[in-house]
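For clarity, chains are labelled A, B, C and D in written order, and residue numbers in each chain start from 1.
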Amino acid sequence: MLDFVDTVETAVAGIKDGSTVMIGGFGNAGQPFELIDALLDCGATDLTVVNNNAGQGDQGLALLIREGRVRKMICSFPRQSDSWHFDAKYTAGEIELELVPQGNLAERIRAAGAGLGGFFTPTGYGTMLADGKETRIIDGRGHVFETPLSADVALIKALTADRKGNLVYRKTARNFGPIMAAAARHTIVQVSDIVPTGALDPETVVTPGIYVNSIVRVTGRTDSAGTTAGTAEKVA
Amino acid sequence: MLDFVDTVETAVAGIKDGSTVMIGGFGNAGQPFELIDALLDCGATDLTVVNNNAGQGDQGLALLIREGRVRKMICSFPRQSDSWHFDAKYTAGEIELELVPQGNLAERIRAAGAGLGGFFTPTGYGTMLADGKETRIIDGRGHVFETPLSADVALIKALTADRKGNLVYRKTARNFGPIMAAAARHTIVQVSDIVPTGALDPETVVTPGIYVNSIVRVTGRTDSAGTTAGTAEKVA
Amino acid sequence: MSFQSNEKSLTTSDIKRPDIKTADAPLGRNDLARLVAADIAPGSFVNLGIGQPTLVSNYLTEEQDITLHTENGMLGMGPEAHGEDIDGDLINAGKIPVTELPGASYFHHADSFAMMRGGHLDICVLGAFQVSATGDLANWHTGAPGAIPAVGGAMDLATGARDVFVMMTLLTREGASKIVETCTYPLTGVGCVTRVYTDKAVFFTGPQGVTVRETFGCTLEELQDLVPVPLTAAVGP
Amino acid sequence: MSFQSNEKSLTTSDIKRPDIKTADAPLGRNDLARLVAADIAPGSFVNLGIGQPTLVSNYLTEEQDITLHTENGMLGMGPEAHGEDIDGDLINAGKIPVTELPGASYFHHADSFAMMRGGHLDICVLGAFQVSATGDLANWHTGAPGAIPAVGGAMDLATGARDVFVMMTLLTREGASKIVETCTYPLTGVGCVTRVYTDKAVFFTGPQGVTVRETFGCTLEELQDLVPVPLTAAVGP
């Protein structure tokens, strides 16, 4: 079922302790900052978070990690120049890390949304990231077995939604949004704009509304991803 | 490398005997009729053909089958009210059939384009279409192992191409086109229109030009899929 | 607020029918289609199989706001197209020209079957040759010698939707029950059917066996005489 | 007309250089980038890794008509964006603002890595800590105790492109060869590197071991003194 909610607080209110939460975005592009802030405020803890990175600077996911709310990160690139909160928790042994090559991460998320039981991928074969995993030679090439990665909740950002929940994205901010929407049991989307049903060309819909559960309109952040806090606006 | 060719004959001239050829389309929607006719005329034989069906009536793929040019069909639904040419060859033991559930067929084609070694799918588990295949219980549910399905050549139909080979499709004529384009080593596309580079919105491209090798403009067939033969037009 | 589970579950209409009902007469195809339509929860995403299940679309109301999926790559399918509305590029899985409703979307075959296999469709309605007590489905192949097999999307539909409803006559022309202990026809899917709508009764199937929600023109006892598996009255949750 | 194979293959420039060439001096980073750029066949689809490989884009000519891929979901990436052209929604894999060229396209992460893994990119250019004689690559992790591992798309890039070119200095600061018999750093990919561009020579790597295409400021014999694996001059096909 699809709901249009008025505030990011309402949107995330159902997230329970111990949940696995996918968070869209690659760098700042496509990061649902306002939903992450609301997740911080709502108090849910013991979370497993799936994101390409493990937080940057002193915002968003980095703060969730600093506050000790993330039990485990599943990501491809935790260590960055400004990932100090993750670095500290990891070095202290206070956060678990499952490191996955970025393409395997994306494909595992897709597999969950697509109802597959797992797949063999050449990526990572013969490396330490295949340690302990099933391997198989297929057509003379080594492959690693990877399992689907699903989530209780996905927090993603899109450009525009219609009233059926169909989504379009903007440029490289699309990244993990479409596959996370399909892989999560409950998908919460922040959008810049909500348009009437029929206003999106059916040929150009990227995420059909079937994958979307909650939509909240958030304005106030510029596309160049400044640090201005956004505000949720009451939808029409 | 991308070529724009003047005729469907030139487009298919490189197809060799013994090739595996994917043909797009579901029913008449998205069927590249003119490319199939050219394949018939070019004389290539001993083909393995991948299509959802096994030819209808007295046109296109049905004629290829009638002429004995198809050694093997890989499809989900060969038997139709008007699949008499396939029926006759099959009953006479003159054509091999690999029957694949439609979603597994689509996913196997996608897996080939995506460079995966295979996947476990719940579809078909416990049925005769899983006979002889590896099975595995994953999270309490039975799965069948399915392998990627690639091709030497794909013949598909799209609505519009730009000069970079980017494609957009029309309504349910999209069907197998995008995944076949990615799964074949050489993808030949017939389009209704060719536009300058930059004329397609980058957000709405369905098949990026990286998956396309030859493009030919074909006009003359109406969208309601009459039986008028189309003609290839010299591209600008 | 609690989030919807991805698991198979009974829809709201089950909650409304704690007691078994008995109608005066067997249901015709259209009445059966009307009943199925009324049982689909508002806002559902539904795939209607080729043949009898297609009739269900005639009885869906605008208030229900049901979104129809067709596996050849579309959500938001409208009614069959006629006359000038016919467009060869816009067909359903039965290859019949259809129309597009506002809010529709198109996608390729792998994405379409990923949607189905991933459990995102709430309900799929299918015809059947046989359904077993535990919900095994046989609806694609008679297994007759020399028959050319053709499966299409039947196995994907059976496996993918959260709830699989079957619509069929209870008995074959020869009078044999299509609800059976074990399917003798080749299987389409294992343990996938959750509900069977027939002219004589509505059944729930699953790991616990077969229960009866309501009967049409017969008592539960009379029904039991026709069906070779133990039947019990369904109770509310 | 014959169709292009999907297998790893040498590009046209190899055919043009049957004899080993020797330049007077080692190549600087920019000259090396210029050389790599010139070796990329016209019309290629290319992914340039973060760091030194990015320099290659400065030397690609319009006539080459190279399409750049960035794994965060774009084909047709243009140069780095500056000033008013900066758009937070348009970044490359290094999270640097870039621009969009005519004919670009956007896609999601799974489609982007499917494109890479499926062998559709002609060339990927990467930096490296070490490359083995058979083309094993180590470029993601020093393996130092306590180091926080981060792999990003390195393994996918190494495994996916038809040809993987490495750009690096031949020697470490301590003077050790980065071309080695067996990598001592944790591997990124097995047997994936086809060519290594260094300041002192261009090498081909693969199942048959290491051959040298050209040297810069040293003879093949002098080069052999630096590299602990047998070197032979590359011959034309």
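We take it that contacts are C-beta pairs under 8 Å (C-beta built on N, C-alpha and C of every residue); 3 or more make two chains touch, one makes a residue touch a chain.
Keep in mind the model is a prediction, meaning the values are calculated, not measured.
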Third chains touching both subunit C and subunit A: B
Whole-Å separation of chain centres (CA-atom averages), subunit B against subunit D: 34
For subunit C paired with subunit D, centre-to-centre distance based on mean C-alpha positions, whole Å: 54
Subunit B: positions in contact with at least two other chains: 107, 110, 114-116, 121-122, 169-171, 202-203
Residues within subunit C bordering two or more other chains: 100, 106-107, 114, 116-117, 160
Graph class of chain-chain contacts, one of line, ring, star, complete, other: other
Pairs of chains found to touch, sorted by chain label: A-B, A-C, A-D, B-C, B-D
Subunit A residues touching subunit B - in the complex, by the definition given at the top: 107, 111, 114-122, 136, 138-139, 141, 143, 147, 168-171, 201-204
Subunit D residues touching subunit B - in the complex, by the definition given at the top: 1-6, 43, 45, 67, 69, 75-76, 100, 102-107, 113-121, 160
Of subunit D, residues touching subunit A in the complex: 70-74, 86-92, 95, 100, 106-110, 112-114, 116-117, 136, 141, 146, 148-156, 159-160, 186-190
Partner subunit C, residues of subunit B touching it in the complex: 26-30, 76-80, 86-87, 90-91, 97, 99-104, 106-107, 109-110, 121-129, 142, 169-179, 206, 222-226
Partner subunit C, residues of subunit A touching it in the complex: 1-2, 10, 13-14, 110, 112-116, 152-153, 162-164, 166, 182, 185-186, 197-198, 200, 202-203, 205, 208-211, 213
